[in-house]
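Both of the next two complexes hold chain A, though its partner changes from chain B to chain C.
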Partner chain A sequence: MSVAGTNGRALPWALVTPALAWTLLFFVLPFIAMGLSSLTAHEGGALTLANYSQFFTNPSYWRAMVNSLEVTATVTVISIVLAYPFAWILAEQVPERWQRLALMLAVLPFWTSYVVRSYSWLLVLAQNGVINRALTSAGLIAEPLQLANTRLATVTGFVHFFVMLLTLTIFANLKQLSPSYRKAAADLGAGPVRTFLHVVLPLTLPGIMVGAFLTVVLCIGDYITPQILGGNNELVMPQLVMMQIGRRGDFPLASALSIILMAVVTVAYLACARWLKIERA
Partner chain B sequence: MRAAVRLAAWLYAIAVYGFIFLPVVVLILFSLQATSFPIPPFTGPSLRWYQAVLSDARLTSALVNSLLVAVLSSLACVTLGFLSAWGFARFALPGSALLRGLITLPLTVSYLIIGMGLLVLFNWAGVPKSLIAAGVGHVVINLPLCFAIIYSQMGDHQINIERAARDLGAPEWKVLLMITVPVMAPAIFAGFFLSMTFSWDEFVISFLLTRFETTLPVEIWNLLRSGLNPKTNAVGSLVFAVSIVLVVLFELTLLRRKTA
Partner chain C sequence: MTVNVRNPLSTLRSGLGAAFAAVALLAAGGAQAADLNALIWCDHSDPALLQPFEEANNVKVNVKEFEGTGAGLAIVDQSQPGDWDVMVIDSIDVPRGIEKGLFEPLPEDKLPFADLFPEVTMDKSTVVDGKRYGITEKFGYNTIGFNKSKVDPADMQSLASLTSDKYKGKIAIYDYYLPVIGMAALAIGKKTADLTEADLPALKAELLKMKANAKLVGEVTASQTALATGEVDILVGGGEWVTAGLAKENPALDFSIPKEGAVLWSQSLAMFKDSKNKDMALKFIQYILSPEGQARLATSACYWGMPSNKKATLTDEQKKILRFDEQPGFLARAQAYPAPNADLDKKMQDMWTEMLQAQ
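Right, the complex of A and B next:
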């Protein structure tokens, strides 16, 4: 489908080269630099695998990865369970002409900074915050509960964000389903529950998987939410990475930890790859 | 049975909306607090903390920095994204799928790692930390989005309009500027506003790549060290308001495309 006219092959390359060059220069090259850095010693710069072996031998580093995986898995599962019925209600129960507004409202706080969103949850969960005040004045508790600076707070902050994201992807998927599938199932004698389990749910799996993949990538790589809401009681990988840079200026170790984190995300990507395609309309 | 399902659905939806809006309502409500702590009981309404934000030179200059970085990086994103989308959609290039994959690859990597990589590279190359460095990082994260949005909207029906213009003797640059850009305007604007939103809200790349002059989310982060403070509520509410404006603009450009 060449429509190049008189310019031959030069024009198309001139069009795509700037974006490719940008990606190579500021995405691929930094990644190579990070890879090289991860193989050097912090002191002296000699070639070494010590930064990687530290991860496997230092129990606190290992622990951070386990924490990251546990938090990410918990968040992903809770978010899907909460978001699916919500998306279904928006797509099936809300009248057609209100759906756009209902969806826009449902994801409004999605569009704010991680920093602001996490701070807002801190206001809710703090020692003298909204929840503790409400429970105390209702006489349900005598002493304020420790809600902030816990894993519960981190998970709450994350679930809040990812419920919105998954609602978007699942809603979009539900709206694409042709009603004829359900009619066919009903004609063949399936009740609403069977229709849902055997027809609707499998057909909305792509929406769930796209949302779940985004959740895993964004959740496991986020520094802000665990830092603001979880505090320093138990560290996750991004906190560990930032700590190497901030406190010790140890770029090689931070690089090695980043690459290990990225390897984990790559596994998640490969697991979901067939659902993640950008196609031309 | 049906009525019970409906009732349960409504209650569930209200509970989820409540969960989604709880922190936002608390943030905005206590930004109007008259006293010095953003915790119950509510003592406002008062605008004193908004005045405090607007008279804080660090915050106002960070706000201007954030807008500058967002606008300039988004302009770069849509320019690079549009040109490459056009190139890939209109011409059969060898290795096209692989190269498109390369452009969208940064979408699968977390901001922290992109920021780390640039920090190591710039550190090694002797590039000092600056707003420009952060802007470069913002282009890295948003270029794949702009490319994907614009590329996905390059339908085959537009090829015919371009071909007609060429047949009538228009040179390639004229086809691009007078046919393709106007036809693709909704996708270009959608990409622009989405990039603006993500750049405006972005924290970790700016945190790693700037030093003295920085963006608003990083300044808010610095404010957090002083604990809960209604001033932080006020500046947070302002940040949120700007994001909403950008998202509404994004939605409107998408809507226009659908009705067009």
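Right, the complex of A and C next:
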């Protein structure tokens, strides 16, 4: 009995050990190294909190965090607003046999490189790009609009990506929803709008929040899209981190800024934690 | 008896560093002891440059690209001594490698110093205590790159055009603070070599005026793309390194050395003190500095630039694109990159950050 008991306890540990080892090696240890680095001076290596104080005392650094939060919030809200009806149409209006194909087509842009997709948007939004040419040809504008190298361009590039992500999480949630909820609401006299607002929407909140959390995490930590589409006309946090490394190799300050960014992501996680719990069967 | 006890966190950090360096070296091409391991900029990864050397010496050159001296030195910090043989580095940053004890003095008698443009040997940076640690292999100018079919070339003879209303919204700024701060210094009549902290407010004001006129501030690819696609007509900090490589596709792209001057960029080759393959490292440096190697490096696929060796075997067309024959006049008016100490460097970068964030 005792041998069987030991084996019974050992098996789960044996199964999770690779994942734990992976996490330890590629997250915990690098994180400790980064934390240690953030507490040392760039010149001399003495222990210091100066790298953190710089963030709070330099308005340009602080501005980078504000920009990151503004861009992330905008992207998340727009993505949800666009993704929800899209997911709903896929789940409710598209015939069952076409849903798989429709979903595959919806996520097709995922198959292209992130960098290539960003540069493609740059060409679309450029002064001589598709949009400006179309508007000019139609006589709607006399001079090309500045679309590329703006926050609008950054948000557009992000939204294109995250709408797909949110569509997947919301679609999965909608498909899990039993039709009996809606029938029950109808039996009790609720119209379609009331049913959606008081039954369907609350029950699909977990799908929205999971997608929103992933959007926040990926968006706030992204360097490529703002770098390519934003034109460096304002900096977000990942760009500020990269700036410290390039020429000066100031890894302590880069580490401190990264940890501050991680703290913000942790706050986002805590805000969404209620909906991010894994349900036990 | 003395017992050395290491801080466990330091041990962890150095252990992780060594692991990452090993991965970097593997990524550089599965290095073997007989290979030559080179930390390089993208212009050295052109097969047209490396293959002739590899075939002639029966050696494999493993390259690892990096951007920025800080990133390059970080790779070295995390490597084992002897992992790397040669390094490409900003000439003004050679002292940073010397201070870290990384570089081996180069034998001047075995290198073609007499054939180099004397203005670009950068002895202040590359020679310490009478020993030479770096040799300039390529140079050029951070100046005004422009599309001559869209702007008046006469305007491009003055840095004042960069802040005039005439070109508002038609300008991109190259996103590297040192050369553009150098250009701002020239615009306000300061010498790049004499910049101090007291000059920062005036430099910042000039940078903000440039930013107010600019559509974007972009790294190499972004700024090059913006000029090539017509998104902008002028690139502050541009030069032959942007326009020459695109000359065939877009002959309207050109650069000027304005009356106030331009900022001279220069890249050097250095050999690592702990290289296990010093003979081959020297052969590589000799090859890159040879007339043939210089011509290939100058016209590398990644970016063009002036060869430091006057005898580079460039074709007449290539010389024309690089404006080879005009170099004496250009060099006479060019000033070196600002070479701030660590403290001023940090303040300059913070000033650049403020400029980027300005609306």
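Basically, the second predicted complex is superposed on the first by the 256 of 281 C-alpha atoms of A that agree within 3 Å, B and C clash if a C-alpha of one lies under 4 Å from a C-alpha of the other, contacts with A are read in each partner's own complex, and residues count from 1 in each chain.
One rule holds for everything that comes next: a residue touches a chain if its C-beta (ideal position, glycine included) is under 8 Å from a C-beta of that chain, and two chains touch if they have at least 3 such contacts.
The structure presented is a predicted model; accordingly, all values stated were derived computationally and were not measured.
With both structures placed on the common chain, the touch criterion links A:V16 to chain B but leaves chain C unconnected.
Looking at the shared chain after the overlay, A:I228 reaches both chain B and chain C. Of the two partner chains, neither chain B nor chain C is touched by A:I80.
In the superposed pair of complexes, A:A256 makes contact with neither chain B nor chain C. Looking at the superposition, the partner that touches the larger set of chain A residues, chain B or chain C, turns out to be B. When the shared chain is aligned, chain C comes close enough to touch A:Y61, but chain B does not. In the superposed pair of complexes, A:I245 makes contact with chain B and with chain C alike. Legend: residue contacts after superposition of the two complexes on their common chain; A:E43 is shown touching chain C, with no touch to chain B. Of the two partner chains placed by superposition, A:L174 touches none, neither chain B nor chain C. In the superposed pair of complexes, A:L147 makes contact with neither chain B nor chain C. The contact surfaces that chain B and chain C form on chain A in the two complexes overlap at residues 29-30, 33, 37, 122-123, 126, 128, 228, 245, 251.
Listing the residues of chain A that touch chain C in their complex gives 29-30, 32-33, 36-37, 42-43, 58-61, 63-64, 122-123, 126-128, 146, 148-149, 227-228, 231-235, 240, 243, 245-251.
Remark: chain B residues 6, 9-10, 12-13, 16-17, 19-24, 26-27, 30, 37-40, 79-81, 83-84, 86-93, 99-100, 102-106, 108-114, 116-121, 123-124, 136-137, 139-140, 143, 147-148, 151-155, 159, 162-163, 166, 172, 197, 200-204, 208, 217, 220-221, 224, 228, 232-233, 236, 239-240, 243-244, 246-247, 251 touch chain A in the complex. Those residues of chain A whose C-beta lies close enough to touch chain B in the complex are 1-5, 7, 11-16, 18-20, 22-24, 26-31, 33-34, 37, 82, 85-86, 89-90, 93-94, 104-106, 108-109, 111-117, 119-124, 126, 128-130, 133-134, 160, 163-164, 217-218, 220-224, 228, 238, 241-242, 245, 251, 254-255, 258, 261-262, 265-266, 269, 278-281. Looking at the complex, you find that chain C touches chain A at residues 9, 12-13, 16, 67-71, 73-74, 169, 175-178, 215-219, 222, 225-226, 229-231, 342, 345-346, 349-350, 353-354, 356-357, 359.
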